[in-house]
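Shared between the two complexes below is chain A, which has chain B as its partner in the first and chain C in the second.
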Partner chain A sequence: MAKFLFRRLFTMIATALCLTFIVFYLTNLPPNLEKIAKSEAGSRISDAEVESWLQKNGYAQPLLGRYGEWLGVLPGWTATADDGKVTGRCIPKGSDPAAAPRFCGVLQGNWGWSNVFKEPVSQIIATRLSLTGWLMLSVMALMVPVALLIGVLAGMREGSKLDRTLSTFSIATTATPEYVSGVLFITIFASSMTGLKWFKGSATSAMDDITFENFFLPVLTIALYGIGYIARMTRASMTEVMTAQYIRTALLKGVSFRQVVMRHALRNALIAPFTVIMLQFPWLLNGVVIVETLFNYKGFGWTLVQAAGNNDIDLLLGCSVVAVAVVLITQLISDVGYAWLNPRIRLS
Partner chain B sequence: MDALGFTQILVTMIGRFWPVWIALALTFALSITYKRRLGLYGRLFDSPIGMTGFALVMFWVFTALFANIVATHDPLAQISGMKNALPGSPLKNPVEGIYAHYLLGGDNLARDVFSRMVVGARSVLTIAPAATAFAFMAGITLGLPAGYFGGRLDTGLSFVANLVLAFPVILMFYLLVTPEIRETGPLLLGWRASIPNVMAAILFAFPILFLCILWNARFFTTPARRNLYVGVTLVLGLWIYAGLAFRADPFGLWIMEPNLLNVFVSVVFVNAPTVFRIVRGITMDLKSRDYVAAAQTRGEGPWYIMLWEVLPNARGPLIVDFCLRIGYTTILLGTLGFFGLGVSPESPDWGSTINAGRKLLSIFPVPALVPAIALMSLVLGLNLLADGLREESLKD
Partner chain C sequence: MTSSDWTPDQPILEIENLSISFFTRLREIPAVMDFSCTVLPGEAMGLVGESGCGKSTVALAVMRYLGKNGRITGGSIRFKGRDLTQMSDDELRRIRGSEIAMIYQEPMASLNPAMRIGAQLAEVPMIHRGMARAEAWALARQIVADVRLPDPDRILQAYPHQLSGGQQQRIVIAMALMSKPALLILDEPTTALDVTVEAGIVDLVKELAEKYGTSMLFISHNLGLVMEVCDRLTVMYSGEAVETGSVAEVFDRMRHPYTQALFRSIPLPGADKNSRPLVAIPGNFPLPHERPNGCNFGPRCDYFAEGRCNAGDITMTEVGPRHESRCLRVDEIDWSAPPVAKATQGKAEIGEVVLRMEDLRKYYEVTGGGVFGGGPAKVVKANETLSFEARAGETLAIVGESGCGKSTFAKVLMGLETATSGKIMLYDRDIQNTPIEKRNTDTVSGVQMVFQNPFDTLNPSMTVGRQIIRALEIFGQGASDEDRRARMLELLDLVKLPRAFADRMPRQLSGGQKQRVGIARAFAGGAKVVVADEPVSALDVSVQAAVTDLLMDIQRENGTTLLFISHDLSIVRYLSDRVMVMYLGHVVELGTTDQVFQPPYHPYTEALLSAVPIADTHVQKKRIVLEGDIPSAMNPPPGCPFQTRCRWKSQVPGGLCEREVPPVQHLAGGHQIKCHLSDEALTTMEPVIKIAAE
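What follows is the complex of A and B.
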């Protein structure tokens, strides 16, 4: 187990490094840097001025070196202007250059400065992530029980009418991406066309005060896409368990069907969906970005879109670190959790 | 001229789709008559779910084919006075030769929603299956040796595949599908080695590679036949390859807009690792079978075993996944359109139309609703078709 964990951790760190480097490379393409120089120093500056601005602000070094600085494993750049003033990556404006630390990167907790929001990246990500946290939590609270219930009910008696109905429903939900179901829900429940207006078509007010009225539609939209997938996995796992010998034995011994399902089948049937649920987190991230944009809920996904659309390099890098961390950690939990839940793997 | 009522709109719309109904009826009549001779495809008509799915998919395929007959207006034409018109509105100034109603109303630029939906089917149904096919070619060509040989090759390829899979899809699209990325990179003989172009050059080479290895593995004992097959593949393949990846088709027949190429390559790139993992998994399972051992004893080469022994036996799950994946690719393309990435805003494809319509969603929902339902029904059809195929292929 220790060796397995060690190998997993090693692969995880290598993956995280590769991915952040790719994002770093793609956000730091020359045209993007040129755009930054123009937005910071004036849009009509000449190519030579762009060049010198990049030189002065530490963008002209080799890419790998700058990645090391951003990560915090290489000392930050410093430059001395003509008037003897020292500027540098680790020296905030107006502070003493001598007192500045040599290293300042993500590892030291310095996530950089957002050009669009004019705030430190760590602060933006913390506030936005907490908003998205509520969304995710509500989605999980709705999605997991509903999906497991549908899956177990459908898989209990394979081929029954209930199974056919629920399976078709699951297929239908997996065929409805968030931007389609979101549009449908807003049209049905929040527009003047049907006149229902039960819910609000925008979740902006939910950022301060979450109510059922302004929060249910976004949560339902994200949850629906995941429900079908988890339910189908649960159904597959449940049908497999229901054909197992020990279930047949229990039924033949005269245990009631309800008892067999609740006491004997359920536990074993829920091992496989656990992995699927954990691996749904990266998918939720996708849904979150779409739904937050559609419902104008200014959480993490909305921030990611803003950062990417405005080429806010530090913020985009911060967002991708979080996104990559979420994906990798959930993968690890799902692997470890699967091994821990399944006695056949745990004991070997 | 009066506005049309709800029933009238419905009846007129069903009427507009007449070529589609005829084609559908013909397909079903022929398929059901000869279903015993058509293998897996024929058995699809034994399962109601599969048949429903097939009907939905074929409805959109025929709509895409006959889009010019079905559509009532030019999808890009703006007619004055029709901005955000309600479904069934008559044209303000009817002109001879132009259809007199906007069947599903107008969008915020006074274009006909119905025609845009119909023509949009064409762009969706050309890109999604093609991108999926390319992803399959790349996934199969790399997944077979990874699963069959294992070892270092497998470790390396799996690491790269997991890397791509761990990347949040939307973030990747935002980084890959930008105008800036198309302008970066050294110029080589007039061809810019930007990331999308390089990726296109690599990904588009897989089908040629795959076919050449396929022919060579089977016919290398009869060089005349081998040379013929490989030669034809190379001539046709390199012609198309030069046009698509390098924009250097001498006849100008195969060409792709740079932004479309960018979108296409990104979608292939996102899908290929999943196909790779599936193929690798199946190969690892199948390589311990007796027929593989028999072929090894006969002294067949590894590529022959992979392509002519393992691959045909893996076709069931792969066909099912192909259907599912076209649906998934359609969703991905819609996502790109939804964020306004890559495709031009004029484009009638469903994702961009939803994006354009969502700003006025709570007042004029129809322009966004129509493409949304169209996309949903197509993906639903593909999923049902995949489910039917899976059920029927398991009956063997």
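What follows is the complex of A and C.
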């Protein structure tokens, strides 16, 4: 097991390096850099001035070198201006160059500076991610049990009335994108049109204090889409298991139908959906982009939109690191959990 | 639990006029009609018939498990005097697993893959007797020891996939015995297992049934097996019982034409492909919705009388003590008349050497376990020093159980794999290192194969004729399309299929017909060597004889060399000239059919011969049951591959068997045995099969 984890960890790191490099390359394409220079040094500067600004701010080095600096495995750039003032990647403005460390990258905890929020990237990500974390947690807590329940109930007796009803529901929810269901929910439950006003149409207040009233609608909007999806998967898996010969064995052993479902079918039926559920985590990171904007909940998704819209390279990179980490970690959990559920696969 | 008016001298199970139908949207399909049988306490009843005859449906009906579409449309099933067809779900549940238990065909599929063996076993007494968990596990441990599995504690903690097929089946048996049922239903319990493993299971079932006094309903298509296990049997054909009686009665005084035809179509000792050929049952099994009027067997029956047999329903009539038959003409047929002898065929000429193998080896490298690879690579020795030659017009049988390397050998010969070392000479060409895509058309069309499963080997979306023409094109036969079409029609004639079949799709054909198409395709390019890999084992008994005969006929005409791969020694004895016995990649014995089937044997051949059930009451067999399973080819035992299961091992001094691979001993007449046993020890061997004087 330890050996397996070690090997997985190694491939995870390799994957993370590749992915971050791709993002780094894309965000550092020349037009992006030119935009930065213009937004920092004035939009009317000439091409030559752009060139010299990039030179002075360490952007003109080879891409691989700059990736190394960002990562923190290569020493940060330093430049000496004509007036003898030393600037550099690791030298914050107005501090003593001599005291600055040689390396300052993601590995050292220096995630860079956000040009939009005028704050360190690490700080932004920490606050925004924790907000989104609450959202994701609530979504999972609602989505997973409901979806599994629907899937198992539907798949238990294929073709029954219960199955058809639940299947119709799951297809309907999966077929409705969040920006449709979200708007519908706001109109129905939070506007004066129907006069119900059970919930709040904005989740801004939930950033300080989460209540059922201000948080339920965004959670439901995200969860609903996933519920249908996972329920469909669970149902397919469950119907397959219910026709397996060992289910017949169990029934003919005299086990009651309820016990057959609980003891014999469930664990085997959960193997396939488990992977799907784990895949939902990275997908949720996407899902929150729309819903956070819709409900004005300033979390990770909202930050991502801001960073992308404003060419905030450091923040974008930070977001991508988080996304990559979430994907890889959930996949690791998925593989380990899969092996645990399915004894035919054992990790050596 | 038992009803008050039932006493142990009354039948355990009484099925009366049972009819079962399956309902589809289109129509009602009767699966079982007017079926009656009685099982007395302690009695073993066999249910015999070909696939689709309704025998499994009867078994599942006793369990009242017919799925959504199946329904009992008439009759009654009384278990200990209580009618199962009237029971509520709750009552049924109390009987299932406690009083009636079932053993299934595929042990792997019938065990829950995600539950430990112990939990699956202990569940039974916990449900039915409310036993405490610890107590139930203790009982499970005891029963596991009872079914003679080694190391019960480890097995209880294991998951099903960690056991071999034979062990899994023992667990299923143990599960059935957990609550000491009064009736045990066995649905083809050994079909998925190797013969030597099957022998062990059969012994176990018999012994345990005796020990616990359990009655059995034993379902099988194998007459030999039924003879070994059962006291009485019922022969089924197309949804009806056609004959029922005690095993001795039915085997020696059969009173139904189908039973008779069935016995004549299976190879028993004494049958010979040239002098006493098998008699195949003509025609095909009727589909459930196309059953004829009157006697279902009528259209295929030699004694069919127009206007009588197809006039109306025929009932079972008494023909002896507890012996019944569903035939109108029981009294008119001369049952002792010998089968109409087919013209005896001249023996095929054995010609020059066509194929020669010298020291062929095939090793596979397998990367060590684990889900994600890694670990040290292991070498699987699939074939070790294979040397033999095969001549034109000869049938060489290759016999062995699963994992013995016979399929690997076929793959190497066909060029699907290349040999690790050694030589394969086809005439004078070396072909061991030429994979099939690099072989020239001549070689490819010269070495062809007939596959085991005719259902998967034909392209489902191409007509039969098109598939044969395609083979002709690839083999470069015929000058034009018309030419090839004509040749294709000739090939259909050759395999005795109507020419109209050229335009049919494979799904419109029965299993036997598909196999004929497979044979036509193999012979399309005038094959010199044909590898037949278990060509009839997927087919029904009554069709097997016809397909086997066809192969023999074609061989006789074309002088083809036939390499007949099989695990069924009866059929091997019937049709082969020479036999090669393989075990774990080694050829352990090679000789003419007579040499191999007579002592001296290789100890493995001896056990194999003893394990094959023979459906003949005159045959006396010595019972040799091998312990344990075939070792894994990944991890073969040191020394002789067979030493872990050999009963003669003690006769070889100095533990030689455990240290050295035995040399090949050449006995008289080119008979080869790979064994350490001395000549003296070999001469003391007695024949396994004796035919009692009549």
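Just so we're on the same page, the second predicted complex is superposed on the first by the 334 of 348 C-alpha atoms of A that agree within 3 Å, B and C clash if a C-alpha of one lies under 4 Å from a C-alpha of the other, contacts with A are read in each partner's own complex, and residues count from 1 in each chain.
Keep in mind that, in the parts below, a contact is a pair of C-beta atoms (placed from the backbone, for glycine too) under 8 Å apart; a residue touches a chain by one contact, two chains touch by 3 or more.
Remember, predicted model here, so these are calculated numbers, not experimental data.
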item	value
Fit or clash between chain C and chain B when superposed on chain A	fit
Which of chain B and chain C A:C90 touches, first, second, both or neither	neither
Which superposed partner A:A244 touches (first chain B, second chain C, both, neither)	second
Larger contact residue set on chain A - chain B or chain C	B
Computed vertex angle (chain A) for partners chain B and chain C, CA, steps of 10°	70
Contacts of A:L294 with chain B and chain C, given as first, second, both or neither	first
Partner chain(s) touched by A:L142 [first = chain B, second = chain C, both, neither]	neither
Contacts of A:L29 with chain B and chain C, given as first, second, both or neither	first
Contacts of A:V276 with chain B and chain C, given as first, second, both or neither	neither
Which superposed partner A:H264 touches (first chain B, second chain C, both, neither)	second
Partner chain in contact with A:Q331 - chain B first, chain C second, else both or neither	first
Superposed arrangement (fit on chain A Cα atoms) - minimum chain B/chain C Cα distance in Å	5
Where chain A meets both chain C and chain B, residue numbers	none
Touching residues on chain A, where the partner in the complex is chain B	11, 14-15, 18-19, 22-23, 26-27, 29-32, 35, 167-168, 171-172, 174-177, 179-180, 183-184, 186-187, 190-193, 201, 282, 285-286, 289-290, 293-294, 304-305, 308-309, 319-320, 323-324, 327-328, 331
Complex interface listing, chain C residues touching chain A	63, 65, 68, 93-98, 101-102, 104, 106, 109-115, 123-124, 127-128, 159, 161, 172, 175, 369-372, 374-375
Interface residues, chain A side, partner chain C - complex	4, 7, 159, 244-246, 248-256, 259, 263-264, 267-268, 271, 339, 341-348
Sites on chain B touched by chain A in the complex	49, 159, 162-163, 166-171, 174-176, 180-181, 183-184, 195, 327, 331, 334-335, 338-339, 351, 354, 357-358, 361-363, 365-366, 368-369, 372-373, 375-376, 379-380, 382-384, 387
